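The chains carry the letters A, B, C and D, assigned in the order they are written, with residues numbered from 1 in each.
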Amino acid sequence: MEESKMGDNIYLPQLARVIHIKEEVPGERSIKTFRVEFLNGGGFDHECGQCAMLSVFGRGESMISIASSPLDKEFKQFSIMRAGRVTTAFHDLEVGDVIGIRGPYGNGFPVDDWRGKNLVFIGGGCGLAPIWPVIQTAVKRRDDFKHITVFYGGRTARDIMYRAELEKLRSTAEVCLSVDKAEEGWEGFCGFVPANLMEKAPSSDNAIAITCGPPVMIKFVINNLRNLGFQDDHIYTTIENKMKCALGKCGRCNVGKDYVCVKGPVYSWADLKELPPEY
Amino acid sequence: MERMLAKEQIGDWIRTLRGWEVFGPVLQDGVWSYQPADTVQLDHPNTAQPPKGFAFPQREVFFTFEQIKGEPPRLTPVAPKGGQQVVFGVRPCDARGLPRMDRVFTETFDDVYYRTRRGSLAYVGLACNQPPSPHCFCKSVGGSPVSTEGLDVLMTDLGDRYLVAAVTATGEKLMQAAGDLLTEPTGVDRSEAGRLRLAAITHPQRAVNDVASVPPRLKKGFDSSLWEDLARPCISCGICTFLCPTCHCFDINDETNGSTPLKGSRVRTWDSCQFPDFTMHSSGHNPRETLGSRLRQRVCHKFQYFHENFGMFQCVGCGRCVAGCPVGIDIIAVVNQVAASAGEG
Amino acid sequence: MMHEQQQTQTQYEPKIVAFLCKWCSSAGSDLAGVSRIQYPAHATPITVMCSGSVSPQYILSAFNKGADGVLVSGCHIGDCHYMEGNYLARRKLYLINEMLQFIGVEPTRFRMSWVSAAEGAKFANIVKDFVEDLRPLGPQDKLKAQHP
Amino acid sequence: MINPQDLCTRARDLLASGEVRAVVGYRRGSRGMAAEPVVITKPEEAASLVWDPSCVHNLALYLVADRKRLAHLHQTPGKPIAIVAKGCDARALVVLMQENYFKREEVYILGVSCESTGVWDDQKLMQRLGCDSQSLTGGRFDGDDFVVTTATGEQRISAPECMADRCLECRHPFPTMNNVVLGEEKARTLAAPFAALSRFEEATGTQPARWAFWQRQFERCIRCFACRSVCPMCYCEECIVDSITFTVALDTTAAEKANRVRWIQRSATRSENIGYHMTRALHLAGRCIDCGECERVCPVHIPLRLLNNKLEKESREKFGYEPGVSIEIASLVSSFRDDDPNDFIR
């Protein structure tokens, strides 16, 4: 076979240049936000909640959720926590460096189905990134939705990502921030995110809840949401598993019969609770 | 198309296959494997490894990359080596692995590497007059010792001659190349073949009990404590999956070959759901941490998840994982036990 | 000039990876350098704290990355900075030497020596000899990784 | 000769008295009469234990697994665990104790002497009988013979005909370290020490012949890692061939993970396979007690014992070191002698 026939190659990434890097959270498990633009006229459209496979050549690939709104066409944005081999390589990048991207992968949040509803977002740690495009889209299409509440917490005030953006958000949405432990100068809630949720107790009436964060947090948040009267099919979350191909072939991200990279990462609790808890 | 071929003329047939690279089972160092061959002698039980590597090799280079500092990386896709390959002596169970791999690699996202290799591959099968292994259970999973699924040609051993039957158009082409070597079968040939086929099909085999009820029962038995019990001796090696005609899990890594400029390749290699680090997140969290959860994944993938997704079992009953397991974990017994326990109550 | 160029193009130049202990052999190689002793520049030196710290993995890895020969050099027996590191090295490296030969790697490809900080000339000779021994063997491709 | 019933009785009593918390032994599996490893915890399960020539596995492996499992659960072992141990299995335990993997009192060794035979080899059975142990319906020791039951009836085979090479060459078929031992200690010589190794070295005298042989073997490896997984000495939490090459704990930093050297690629190519097998062999120098399990389980029949035997022979001849003999002595590579070979150093 000729190389020219390898054009439609699902494993071949497009190239994109890093145009902006912002340090969100410092420390050992630091988070940086990378804004990239495609080279050679490449690119793709995505939906809120979808992911992309990013590569640093020589180090490998990682599945990262796309943190920019689909309405921003000229760039894509990713917030990456330093956790392992590939993500550390990302943290070593500088503006101007070129990375590989393939995608978009997975499903998205059914944002259009939520018109006329109240939206409650609950994020923790790095889990604000996957739901951030939904928040962005909701803000940009503010009239489509009713009340918007954003719960978000970090371990300490320094661990809160998108701090400036969250403050800006207060003009259009209710923002409830929290830190795990009491700190001097912190005026928001002290305690875990699920506790903050119960404290504010948003109404489940005509409301959709969208949550993402560490697995333990999600578990308690969903429990609390149900206590607040949210129906199972009105609770949405994203799950993550280790991925290598993002194409439903490499065989490791499956939860029961579903490959998270294809059928997920977005699930309603009504669907997710039917699957085995292998995530 | 059905024809007869004298056994000693099989080499002559192979020599007529110009433009094809021919492989056949060869015994070397005590191991049966498919090797390039000018002629073949089809007296093998079954090969140690199935022929799945022809379409899905253990190592596939996707592309090479080269990055000179300050310039964008240059990516060069590496195409599979061209040329048509035909494999002789494929057992019907192993051949049925191929259509199952097709579902995985060509549906939803089309894998050009797999499709290219698959497109230039033909299987000439050999019916099993006798089960080659005491752990054969092809009949339990929808196959048979004379199944043609996944084959281009099926040969049946009639002692001093073969009945050669075309299954696909490619198979007919392979047979047409033989010209006069292949002769019209006589009535005796046909009745002899029929007798052998019947004997093969009725030969007793190990069996998965009430296989139709297995997928729902496994689903019900997800939380069964049997999984950990049955997996207790498991040593987490990859024999069961690497010898499987349908296991397709893989890993992707960058292999570098110099840092200034950065040079290397992105490579796919086989991986196994039985390795403890297969599903481990970089945080250390592992959704399938225990031996039981990994055994359950292997068994349920083949007998439940794949069935739910594609309406067929992802097991062809070759018995390699049963025979090859160093510690006696036996997929037939596992399925039967879990399904039976889920059936109660 | 023409002739010289042709020669460099055709003559095969072996690549050597040399694991040198910091206290003796590395100092010895430095002495060879500062004493302006001529010896071939084929060896890539890697300074290690002690010959005893050289894991067989280092040697295999050097061959994997394309070394044509691997040299391990430490202090003379009795002179180890850590008292007995080179005794341990001797045992360990004896075994890997045997293994390399056992699987059919040319015996010449692996070499071990004792070179003190004062033996600049000896170090230069070892490298010189090693290069001459390796040259007829041609490139080492038995243990070298395949690319792509 | 051992009466397998005695083994069941011993195991039952140990569990019933509460002296041990579990017994690692063999039971009949679902594959013909072939034995499989089992861990039993209840006295009534003891009746399922077997002892016959298909008890090929080195069960010391399961003590390592047990220790890892307990460590993971942050549990202390408490009472000892009992293990059915052949001569080779007991030697493995000696090495593990020599390396402080566990203490002597944590293990109850239920020794079984191989007496004048050993376990059988499937390939040899296949050649002799036309079927492997998984097709047999019965098999037992009888003096110097194996008695097997096939579809055509009972057959008596002189054991050395079908014994595994590792057993033919075994010099310690009696588990010297034990709490109790079944069977007798019998002097025997079935094959010269390192007979298979000597045959190989004679057959491939020259360097090119050696390479031709090993090249073929290493190219065949599919990197299923069964040789590593089945080896009781391969207990490292961190192995150079794994994709995540070490245990990730909560306090493992990202930098630690990122900076790990990838010594060996996952590609099953010749160079990487050699890197894996050579490293493993060298890591087993002075530790391998020649249970031969790596060679038995290899699905593509790579003669891995040759690698380990080579180092064992060198260690014995050049360093006077024999593994698995004493808990007290220093390990091979952490000790030395003044007169260790020096002539390879130039």
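Going forward, a contact is a pair of C-beta atoms (placed from the backbone, for glycine too) under 8 Å apart; a residue touches a chain by one contact, two chains touch by 3 or more.
Every value quoted in this text rests on a predicted model; they were computed, and no experiment measured them.
For the interfaces A-D and B-D, the C-beta contact count is higher for B-D. Averaged Cα coordinates give subunit A a centre that lies 48 Å from the centre of subunit D. Mean C-alpha positions place subunit B and subunit D at a centre distance of 31 Å. Each chain gets one centre point, the mean of its Cα atoms, and the points for subunit C and subunit D are 36 Å apart.
Centre-to-centre, using mean CA coordinates, subunit A is 38 Å away from subunit B.
Residue positions 145 of subunit C each touch two or more of the other chains. Residue positions 83-85, 87 of subunit A each touch two or more of the other chains. Each of the following residues of subunit D touches two or more other chains: 254, 257, 265, 267, 269. Every pair of chains in contact is given here: A-B, A-D, B-C, B-D, C-D. On subunit C, the positions that touch subunit B within their shared complex are 145, 147-148.
Put simply, subunit B touches subunit D in their complex at residues 28-31, 33, 48-49, 58-59, 134-135, 232-233, 235-239, 242-243, 251, 253, 255, 267, 269-272, 275, 277, 280, 282-284, 322-324, 326-330, 332-333.
Considering their complex, residues 62-63, 65, 67, 72-73, 75-77, 79-80, 82, 104-105, 108-113, 116, 222, 248-254, 256, 259, 262, 264, 266, 268, 271, 273, 278-283, 285, 287-288, 293, 297, 300-301, 304-306, 308-309 of subunit B touch subunit A. Subunit A contributes residues 1-3, 5-6, 8-13, 15, 17, 39, 55, 57-61, 83-85, 87, 98, 100, 215, 240-242, 244-245, 247-257, 262, 276, 278-279 to its touches with subunit B in the complex.
Against subunit C, the residues of subunit B that register as touching in their complex are 61, 64, 78, 255, 257, 263-265, 267.
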